[in-house]
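Please go over the structures that come below.
Two complexes are shown next, each including subunit A; its partner changes from subunit B in the first to subunit C in the second.
Here is the complex of A and B:
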């Protein structure tokens, strides 16, 4: 394990060697274990969120299905693809560092950053869409759509007959609140007799489907959606910061076959953030789509 | 091994640079430990003042010194400062930081810059929390139970929560650093089973730190978002579940109890073995019991929720596992006792603390079994019995071990010897004062006095007066080290490199140690706690040598 038996033989100091280590191998081992421990810590951090997601999804599957159906699986799928390709370019950066190829290193870092930026751009488009459709779970943080005079008859319909695919203008939202008017899935589950025990309490008032109570459960889904994807996006932004630093140092020709730990460690982080998304995408976008498609 | 009295000051970590910058931008684990020591002492003092206020209020049955709302804020501040800003960093960040690299024969921790970063994060989180407490504080108790904390409490929940969130990363980074250091920085010949048991305990603690702390971080973050946005998963009004908060909170906060006591057990292993001048009994058992505590500690969080709506079947499992986690602690106790047997025991100040720990932790641990029993806990939950139990473990365990460790390694850290006379007096005052404070609380709790109330029935006043009186004795015992240790910094006798004549690596370098810990990198050829005939550590022979010199 501790690999510094032949210590005092010579005093040549390799350029990247920190003073507390005896040799490069010891330093690389330390940095690598440190990074893995950091990722373990990250797993526990996201693990709390995944636990919360699983608890509420198993309690209110219909509300989560309804929420999922208002996420765009195309954008989510595109982002999955983008991130997987960025993982490839990241891995190639390590490869070219090992091959002493500075130009390809720089190119691959730029490509990785490009894909990272595309991911965040798509995320921004999706968030804007949620903002426009009253799906941000915080009161006042949605687009304010003034109510039209003379169209109040739309609210009389029971919530399971509301056409949620109608344009946003037809859902007045003067105070920018969270809105979710379509509870057809509850009706469907009630008729098919597959509501969970929690749902039989959570969606109904006096034996009737209560649109407001159902909306609150969908709101829990969107709360989790924003916290989970938001923290993931924050990790992407930090990743882009790391990439900027790598780009500058790689441009200066810092990395070669003898010294590429910073690239490899940043790569571990980048892959980890990708893997989190690989779990987020099916959980948030795909589960429950068959109820409506 | 004898001290250098020639008068010429050797270059050590303390006189290697005197500027503020040489401290604030240092990467030396020893300087970082000293800065932790100073900050932690301030938080300990602040938490202690809140404790004194609580005991003053409890002198009389009516709530006359404090209004009930203020009382809530005072015990919350006491809990938050003591747990998050004193107990959790106490032994790891001060003694662990200072000694772990020396004990394994390394120049520094593996990641010195991360170490400095963790200190800065601790400072930022601490300042944030202190600011929030000065603004008006928080009245939820240190447990932040929802929905009171998210919806109803009208105090600075979010600010304090974020302070704790920030502070958590300091403890994660310290744990990460220790794990890496133990894996990669051991000197040649320092195998895993030659490590001092203090290092094993730090390693186990670090595992809990990196596995548990992120969970409290995300929980507190969710709490803060929920309070800020008025929507979330803990709000029963919209179908959320407050019990989920308790699960997530205790998933960290129960293992955190082991963050608070495992390092103390590590210190005690050192003290008991070294002051009995005898190889510790059952080295492997003590080492692996630390790891077992770290692992099983993650499986018992539900015993905090026996009466808060958790299913009784889950309760049964948690109750059983609670009994299981007591086993490794018992293994340690038995091994320490066996080490004392036929040992050559000397009652120096650190050893007095060490023996005090064994008595107090025994009571604290056994009363924990009362609280792990599902039937009995219905009567005892949320009473002073619980308060007394965890103070016996936290103060009787960790704080006593911390003070013992500080005294034990003080000559190494400062190069100066403190007054043994005052040290012994203070150790005994702490022991007596502590028992007088908290033993009556077991009885009060058994009689049904609930915790967290500013007033109580008149027939309970006598025991409460005992408790408050004990607290003042305890307070004196705790403040005395501040005075005589401070005094020793200037007037103390030079300690020499190995004042206790012990075999550990930290006693084979100079006091205070040089910046890179050893003049020549050590090669370890001996087992831990080796007091053999030929080790040159025979106490009587050394005394004879000293006498011959005079």
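Here is the complex of A and C:
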């Protein structure tokens, strides 16, 4: 009993220091390197998807451009800005924790959560739009548009002359299948003689552009779009969970200039998710813009 | 870091985003095919570097953090390079037809 009290008396612990570390600096460096190792693995995780993107885009660039041109760059760009603002507020959360300012910490966490939620809201709008226009790459997962008897304009015209802005009745989709009828970019690339070897095989049947074969290549783009943005959105949801925890602990005044590592580490995660979107935005939304005239 | 510096990094990121959108609408294929993508990626890399150095505080971090960050892109480059070395050479050479 007395020996224990002796050690307690002379062994001073800083409030945030876990007992397995010598001092705060060692603890902070250990925590940082652990988080960075996790982020490196996250980079490889998203890297696998970027590799799939690279392989298929290098083989079917026109299908990717055509698919991309049916994403709405306005929403994508708005979401990029929203995420950048949320990254700023996240960085400022760390700043105010280092300045012992509890109220501003709480405010910045709330703002970060707000912008994260706006991002997810915009994604919901976009996904709904894809659902309405038959662009979800899984049969039966799209809005069903009943066919009108005796009318099938879309099927009669060659696919490079289809008017994509035509009313929905001209694109009946009774089974909710993936639909993509506009192959004008293939025509353009064929006339300009810049189709890849894979495209010359992959889009044509008997020397004619085959709308169905082309649609299936565009479908690959939409698979990648949904998997990449979907996993990114999942990361955002997890990030919002982390923010909720930070909000509660920061509200209780847990963080100060001596102990703010949970905020710093959650910040690293949040910024990582922002960086992924910085790459997803041009690679998914903008890759075919320059073909639009 | 102080607040004006954080706002400065933020301004660079916003300008980069607007520039990305604007550059994508201009047809740069007259330089070489795929120039648009290269420009987009260069801007994205610049933005990423700003976020990592200043928002993620890598600039003030120990060397081990720098090494981890750089190494992850090195491994990523290996994955891209070895994958594409296969796919880009499939339609040429002695095995074609």
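By definition in this document, the second predicted complex is superposed on the first by the 279 of 293 C-alpha atoms of A that agree within 3 Å, B and C clash if a C-alpha of one lies under 4 Å from a C-alpha of the other, contacts with A are read in each partner's own complex, and residues count from 1 in each chain.
The definition used in the following text is that a contact is a pair of C-beta atoms (placed from the backbone, for glycine too) under 8 Å apart; a residue touches a chain by one contact, two chains touch by 3 or more.
Owing to the predicted nature of the structure, the values given are computational and were not obtained by experimental measurement.
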Next on the checklist: Clash or fit: subunit B against subunit C, after overlaying the two structures on subunit A?
Outcome noted: fit
Next on the checklist: On the chain A superposition, what angle, as a multiple of 10 degrees, is formed at subunit A by the C-alpha centres of subunit B and subunit C?
Outcome noted: 80
Checklist entry - Touch check for A:139: first (subunit B), second (subunit C), both, or neither? => result first
Checklist entry - Is A:17 touching the first partner subunit B, the second partner subunit C, both, or neither of them? => result neither
Checklist entry - Who does A:111 touch here: subunit B (first), subunit C (second), both, or neither? => result neither
Checklist entry - What is the contact status of A:224 with respect to subunit B (first) and subunit C (second): first, second, both, or neither? => result first
Checklist entry - In the superposed arrangement, which partner chain does A:290 touch: subunit B (first), subunit C (second), both, or neither? => result second
Checklist entry - Looking at the overlay, does A:51 come into contact with subunit B only (first), subunit C only (second), both, or neither? => result both
Checklist entry - Where does A:202 make contact in the superposed view: on subunit B (first), on subunit C (second), on both, or on neither? => result first
Checklist entry - Touching A:122, do we find subunit B (first), subunit C (second), both, or neither? => result neither
Checklist entry - Which partner does A:92 reach: the first (subunit B), the second (subunit C), both, or neither? => result second
Checklist outcome for this item: When the two complexes are superposed, subunit B comes to within a least CA distance of subunit C, in Å, of 6
Checklist outcome for this item: Dual-contact residues of subunit A, meaning touching subunit B and subunit C, are 29, 33, 37, 40, 44, 47-48, 51, 55, 59, 198
Checklist outcome for this item: Per the touch rule above, subunit B residues touching subunit A in the complex are 106-112, 114, 172, 175-177, 179-181, 183-188, 190, 210-215, 217-219, 222, 225, 229-233, 238-241, 244, 248, 516, 521
Checklist entry - Can you list the residues on subunit A that touch subunit B in the complex? => result 1-2, 4-5, 7-8, 18-22, 26, 29-31, 33-34, 37-38, 40-42, 44-49, 51-52, 55-56, 59-60, 137-139, 178, 198, 202, 213, 216-217, 219-220, 223-224, 227
Checklist entry - What residues on subunit A touch subunit C, complex-wise? => result 29, 32-33, 36-37, 39-40, 43-44, 47-48, 50-51, 54-55, 58-59, 73, 77, 80-81, 84-85, 87-88, 90-92, 94-95, 194, 197-198, 264, 267-268, 271-272, 274-275, 278-279, 281-283, 286-287, 289-292
Next on the checklist: Per the contact definition, I'd like the list of subunit C residues that touch subunit A in the complex.
Outcome noted: 1, 3, 6-7, 9-10, 13-14, 17, 20-21, 24-29, 33, 36-37, 40-41, 43-44, 47-48, 51-52, 54-57, 61-62, 64-65, 68-69, 71-73, 75-76, 79-80, 83-84, 87-88, 91
